[in-house]
Amino acid sequence: MNNSNNSTKDIGNTFSTAKKQVLIWGTAVGIVLILAFISSKQSYFIGHMIIMTLIWAALASAWNIVGGIAGQLSLGHMGFFGIGAYTSTILYTKSGISPWLGLLVGIILGGLIGLLIGIPTFRLEGSYYSLATLALGLSLYQLSYKFSGVTGGATGIPIPFEASLKNMTFSALWQYAILAGGYLIIVLAICAYISATKLGFQLAAVREDAQAAQAIGVNSMRAKLIAGTISGGLAAGVGTIYAQYILFIEPHSALGVNIAIQAVVLSVVGGIGYVYGPTLGALVLIPISQIILKNFGGSAPSLHILIYGAVVILVALLAPKGFLGIIRQISSRISKRSKAEKND
Amino acid sequence: MTSQVILSTSGATKRFGGVTAVNNVDFSINRGEVVGILGPNGAGKSSFFNLLAGAIQPDSGTITFLDEDVTSAQSHDMCAKGLARTFQIVRPLKGLTVLENVMVGAFAKTRSVREAKEIATSAIELVGLAGWESVVSSNLTLGYRKRLEVARALATKPEILLLDEVMSGLNPAELDSFIEMLRSVNKDGVTLIVVEHIVSAVVQISTRIVVIVQGSTIANGTPSEVVNNKLVIDAYLGELDYEVS
Amino acid sequence: MGVVQVVISGLLLGGIYALLSIGVTLVLGVVKFVNFAQGELLMIGMYATLVIYTGFNVHPYLALPVITLMMFALGVFLHFGVLKWSVGGGHYTQIVVTLGLGLVLQSLAQLIFGGNFQSLGEGKFFDSVIQIGQIYIGVTRLITLIVSAIVTFALILILDRTLWGKAVRATAMDTGAAQLMGIKVKRIYLVTMGIGSALAGIAGVMLMPIYPVYPTIGTQMLLIGFIIVTLGGLGSVVGAFIGSLIVGVIEALAGYWIDSAMSSVIVYLFFIIILLVRPQGIMKGDVA
């Protein structure tokens, strides 16, 4: 009939039947457990790679809520990430508060900031949101140097290693894999829920044609603000997990622009707006970048950035729905062909 | 069918700069009617349409919808109260399928996905798009896009639907089936106001026609009355050969 | 007299910003294209200046014409090869593509030049200062302000008086109508992108004697550029120039009254305020 009959909206029939639901989430949990197992048996490098993949997948998925599903290109998600990392770390190192509580506080703070930055910008054309979020992120980066009394400035804050569940600190890599993987599953569940319910439809409408959406009764400002809040909050949570894994944070690794750009790249390459798109992007790009960093980190420290840039240009121009979009197109062609064959 | 006025204006007036686009218009429509609004371009019918839809507000006069004064109400208020409208230049949500498009409309009145899907499916059936649910709307022809626009408006469960030159650009075959479709929509209980250029189409579908020239109503009656009205012929239609069935 | 000195310094800073933001506003107004790689083009201009100075001992200001042409060619090449495919695609795609391009350019710079801050080194000329009463004015900064004023003025004249300039403004106002009038819109796009890149190059040449260069200098400059364009009004060359001066002064005053580390944060805050109060900027209307 036609070349592309794939909706840009990810309905994710995850919620069509309870059985299917159980199957998919059971699989997800199973995958995380397998990854955890692998990271326990393999070298440190593989384990580290798995954990970083899960962490960056979670951040990109959180970004995707506002950047893909709502269609608002945030360039400031390093800000939310850093808020989460610094909040839980400061509460933990200065007041002994459990990082789990710090995680919650960070999420609330991140959500609040996500909401606030949207209020002046969402009613304007999209580029303003990108610029404003970039300004937000860069501001937080510079403020972290300025208020070094609290944030440790350039020297950063080391986190004491006292392994226990209460401290969200673990001695084995596989435990971190479960932590990061579990968080990723939660983020994905939220994305799927949004996508399959009223908010997802309204955001898709706003993304496609904001004025037409308004005419059909969609309050686009409200929808975008909800998305921005959830996205900011969930992104902050990833920061806490990162901090508790690396056990050291400082402005560049917690608030650097590259963090935000990576979230964008992973989502675009994997499939922007699709629930599992950013995760796919992370699965493809993070191992590659980790391997490059390991082998060329000294001599060519930004080689992986070069690859990010080149891949994102190619995907944005040639395959705008990302790898997941390509996979879906192929699979729908295959199913059409087999349907046609059955009818012959 | 009980005659009950659901939407009316009294002395509605709208000026743009020095031009009086809508001049002291009294208008009413009963539940179940199909009222066509005719008039030459620039005659004020679009402005009148936008007044009814809440897109603009009158400088003087009142507008009443379902016994409620809605003179100052805006378009999203009107949508919530039960008045839906289509646009002259159709705007499908291009990346979404037909079903998804219409479900967005349904969500104006419900929260549940299942309910939205049901509402959308019956609206899609009513406009004759059954079977096209999973087609991405950018793949539709103009005629089908116009039906989609109607379905989306219907999904907001309106009492009354305002159609803004919805039939322009359709070829004769499409036109006939479109008129049939609007008839079934009306039979289903939706009151229609049809603003149009295409006199023959309006004459076919309307139970009553209002003709607006230079901001004022010059005729208001059944299609055959209006078509034979000397004022209308002089001002607007010229020599007429319209057969009213 | 501290404040006066600070304001003067701010104006001079604005001169630097002007060259970059005029390029941004021109491309935005004419091609309707959001170029998030503009900062990296500035960076390339700076590195080119550095290479020509350290490698061939040619003074930056003498190298200016060559670098300008080179950057124009680069802009044309990038548009023709990569960017033109996203011109009609909406701002979202343009930002993603140009961000990607920026990443490529940044990382290439890092691979070639390394990540360190590099400057032209000491030299009597680069450090020389004029004194007027109590006010000290850096010579290179003064020259930069003069150059950007000249460039602004020249551009406005070209846009206003020449036939080509009128074609550009017509394209900016209504691409469809311009095409119908026989204007070769695609060529206008190509040339405008080239000019935008050339302006970034000039900015780089002028900036190299003043600030050190490093691969990621683009990001912050880009944001300032767009903030200025927002303040000045999208597409307005005059607005960009005036906006640059205003932002320069704000940044200088913020550094003086609060903290030099906070000066850019204050500018960002100012940006949010603009968005709340008058997002369309101070100059309305068409290009120039």
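Annotations for the structure displayed:
Each chain carries a letter (A, B and C) given by its place in the written order, and its residues are counted from 1.
Operating definition for what follows: a contact is a pair of C-beta atoms (placed from the backbone, for glycine too) under 8 Å apart; a residue touches a chain by one contact, two chains touch by 3 or more.
Everything numeric here is computed off the predicted structure, so don't read it as measured data.
Here the chain pair with the top count of touching C-beta pairs is A-C.
Greatest Cα centroid separation from chain A: this falls to B.
Chain A and chain C, compared by their mean Cα positions, are separated by 32 Å. Taking the mean of the C-alpha atoms as each chain's centre, chain B and chain C sit 51 Å apart.
Inter-chain centre distance (chain A to chain B, centres taken as mean C-alpha positions): 45 Å. Of all the residues in chain C, the ones that touch chain A in their complex are 34, 82, 85-86, 91-93, 95-97, 99-108, 110-111, 115, 215-216, 219-220, 223, 226-227, 230, 259, 261-262, 264-265, 268-269, 271-272, 275-276, 279. Per the touch definition, chain A reaches chain B in the complex via residues 1-2, 4-9, 11, 15, 196-198, 201-202, 204-205, 207-209, 211-219. Residue ranges of chain B in contact with chain A, taken from their complex: 75-76, 79-80, 85, 87, 91-97, 100, 103-105, 107-109, 111, 113, 116, 134-136, 139, 152-153, 156.
Residues 71, 73, 75, 120-121, 124-128, 130-132, 134-136, 138-139, 142-143, 145-146, 257, 261, 264-265, 268, 300-303, 305-306, 308-313, 316-317, 320 of chain A touch chain C in their complex.
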